[in-house]
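What follows is chain A paired twice: with chain B in the first complex and chain C in the second.
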Partner chain A sequence: MSSRAAPKRTPQVSVRKIEPDFCEFVLSDTDPSVANALRRVMLSEVPTLAIDLVEIEVNTTVLNDEFIAHRLGLIPLVSQRVWDFTGAYDTNDDDENALMDIVFQMDVKCTGDDTLDVTSNDLQLDPSFPDIHPVAYSTGPQDAQAEKGVLLVKLRKGQHLKLKAIARKGIGKDHAKWQPVATVAFQYMPDIRINHALMDTLSEEQKLQWIQSSPNPVFRLNPVTAQVEVVDAEAYRYDGEVIAKAKALGKEGLVNITPRQDMFIFRVEGTGAMATQQIVVAAIDVLLRKLDTLQQSLASADAAMDMDGL
Partner chain B sequence: MNAPDRYEKFVVPEHLLKVEVRKDTKVADAATFVIQREDHTVGNLVRMQLLEDKDIMFAGYKIPHPLQYQLLIKVQTNGSKTPQRAVQSAIGSLEEELRDIREKFLADVARFGSGEESMLA
Partner chain C sequence: MVSRNDYAVTFSVKDEDHTLANPVRFMLNKNPHVSFTGYSITHPAEKVVNFRIQTTGEMTSVDAFRQSLNGVTDVCKHIKAQLAAECTSFQASAGTSMEA
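Coming up: the complex of A and B.
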């Protein structure tokens, strides 16, 4: 019981790019199961805020009530404060003041002869939470410079839409509208080994032909040594074109490409609900909490067994 | 029509334990852990970590039915520790590793100094 269970891994992280809605980083010296758990949690278990209940008072638009309610739900809300909230299914036995609902109002009527666009900018924010708003939110005169907001429905003269929309905390497992990411994926770093002995049996023209067969620029011919070398291993898309070409040239085994099981390139695309680096950190936190719950449940199951004299 | 409610996927019902340990009645040092409302995320993570342990003879997981939101992890050890201890230490190492990743990620993000402070203290 005292001995360490396994040789400890020391994972490495190298961040390559951070933009508000995009983040790329390399996770290495760990197992694919860790990378995949991280990916899955980012997709479906990092909480955000989204409109969940809609009370429609007047709707004379061309879209029916549930159509509009669905569209409202899909608007990403800036969820920096999500951690202050309690989800509809979270356990909060003692806290009577737990924050749950954010109430938006909307009341738009078309009076002019032109078509009127109803967008997320027409949502009136909850006065208690002025910092919780749809992405790309702006009020006031809509000039060309201003953000347009998310289009919900178009009104013609006389049409009216009045509603109350209640936003709540939730996770992607419940409904995709709560996903903090548009996409998150990881790519296995390819391990490319060129058989140089076999490569030397090719003429320079054949080498160039072979290099050209890759749809992405992975290899190049070194002009000095006339040797084929890898310029960008990551550009390889596991398409197998170079392997097929080697076979066609009658040189099977010219190159051996395998996905590395200890190096993963992550690309996270956010929806705007949270900054992408926050999504990554939040995913690790959610996963840690999950494991902690298990650890505690195991400890109590253990205690129960001891009591039974097992 | 008869689909289960969506919350069934992640809310543990009151009459069930999060983790139930079932000792194997036929095999020594073996047990099945029935974990409620968990999926491949935790299942594969814990299984792969268990397999790193040299005292583990067998570790596997399954989700018996896609509409019964439970996960089964089967473990057999060589007798030098109980299956519970093995799982506990596997989870312990995973937690340690994830904390390490978190720290290193934050340290590397700081290099970019976007000015935006992390709201997750």
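Coming up: the complex of A and C.
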């Protein structure tokens, strides 16, 4: 923190993997505070849609009303259109036309002798928003091939569940059901320095022993040079096993491993509500909006101070 | 804003937390005209960050604060542009490898 080097304002990003529900990228040339801000925003401040209010008309299932309402809330909804909506807790300027509620209906009764699974596929979509639906939603005949949806409750013969569920925009800070990610984490890239002078004092057998003490394959013995090399620095889990082993061999300082403070491996696991790369972009947008708001309020506070003659 | 002089100011930022305060403090610490900066969240239930900025006198605290906000904004914009470019090239290469 005391270093006054020129601030790193041009971080580098390199994408490693993009899948619908997963993405991995490396953010480098920046500070942990920036990486952490990005992580925190993805977790708790990127808005999504989720069921927020449930009106139960008939419930003769084995689960109580609150239990079912909670399970409904946790179903991820495809939230591509979340930006068109206003959250119920947002301080808006009473815009009459603000979109707020998406109303789903559900009416399931078990008439057969077999147990009936009630899933997210039994939700009837809001006719005004046919593109807002639970993840893996399908209404066709439920054969083995079709997506099964998220199981809510099982019904016995004669049991009946009828309800109205209202979905709204919200953020993870208010309730975890609005989190767009299952997990998001960053790993510090380890900086591994082997003390080769000390390493050379080990016998080949000791070197192998030491290499094998790492639970993940990080090092290898080069068969040609008989030197220990790093094969996969990222596989190191900061477990300290190799450091403990070096100590046990009486060779403290054999290897020095420090987490790099300027390179972070991000792994984002989505819930299906949004594509993972979209979540990252949305998180940056949220951060930018925060900064802009603060910038403006700083300007107005500064002006107010000048008027007071402070 | 609470202040006796322009070069040592405590800002009270409402509805923000570590998410924003930490990178802003990082930027301020990189500013050679800032002699001291720090923030504290006095109570976890209160959504207020108290930000202290003292400068060496070449620059007012408000300007230092503004500069650091611009700095973090630049970083965010840069990451966004980098990410967009990387995603496009990643998808382009994924597309060609699928065809091959």
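Structure notes:
As a convention for this text, the second predicted complex is superposed on the first by the 301 of 310 C-alpha atoms of A that agree within 3 Å, B and C clash if a C-alpha of one lies under 4 Å from a C-alpha of the other, contacts with A are read in each partner's own complex, and residues count from 1 in each chain.
The criterion applied here is as follows: a contact is a pair of C-beta atoms (placed from the backbone, for glycine too) under 8 Å apart; a residue touches a chain by one contact, two chains touch by 3 or more.
Keep in mind that this is a model prediction, so the values were computed, not measured.
Considering which of chain B and chain C touches more of chain A, the answer is B. When the shared chain is aligned, chain B comes close enough to touch A:D174, but chain C does not. Contacts of A:L294 after superposition on the shared chain: both chain B and chain C are touched.
Contacts of A:A165 after superposition on the shared chain: neither chain B nor chain C is touched.
In the superposition on chain A, A:D31 makes contact with both chain B and chain C. In the superposition on chain A, contact is made by A:V281 with both chain B and chain C. When the two complexes are superposed on chain A, the residues of chain A that touch both chain B and chain C are 1, 4-15, 18, 25, 27, 30-31, 33-34, 36-38, 40-41, 45, 277, 280-281, 284-285, 287-288, 290-292, 294-295, 298-299, 301-302, 305, 310. Per the touch definition, chain B reaches chain A in the complex via residues 6-7, 9-11, 17-21, 23, 33, 35, 38-42, 44-49, 52-55, 81, 84-102, 104-106, 108-109, 111-112, 114, 116, 118-120. Residue ranges on chain A touching chain B, taken from their complex, read 1, 4-15, 18, 25, 27, 30-34, 36-38, 40-41, 45, 80-81, 83, 88-89, 171, 173-175, 275, 277-278, 280-282, 284-285, 287-288, 290-295, 297-299, 301-302, 305, 310.
Residues 1-2, 4-15, 18, 25, 27, 30-31, 33-34, 36-38, 40-41, 45, 277, 280-281, 284-285, 287-288, 290-292, 294-295, 298-299, 301-302, 304-305, 310 of chain A are the ones touching chain C in the complex.
Looking at the complex, you find that chain C touches chain A at residues 1, 3, 11, 13, 16, 18-20, 22-23, 25-27, 29-30, 32, 62, 65-66, 69-80, 82-84, 86-87, 90-91, 94.
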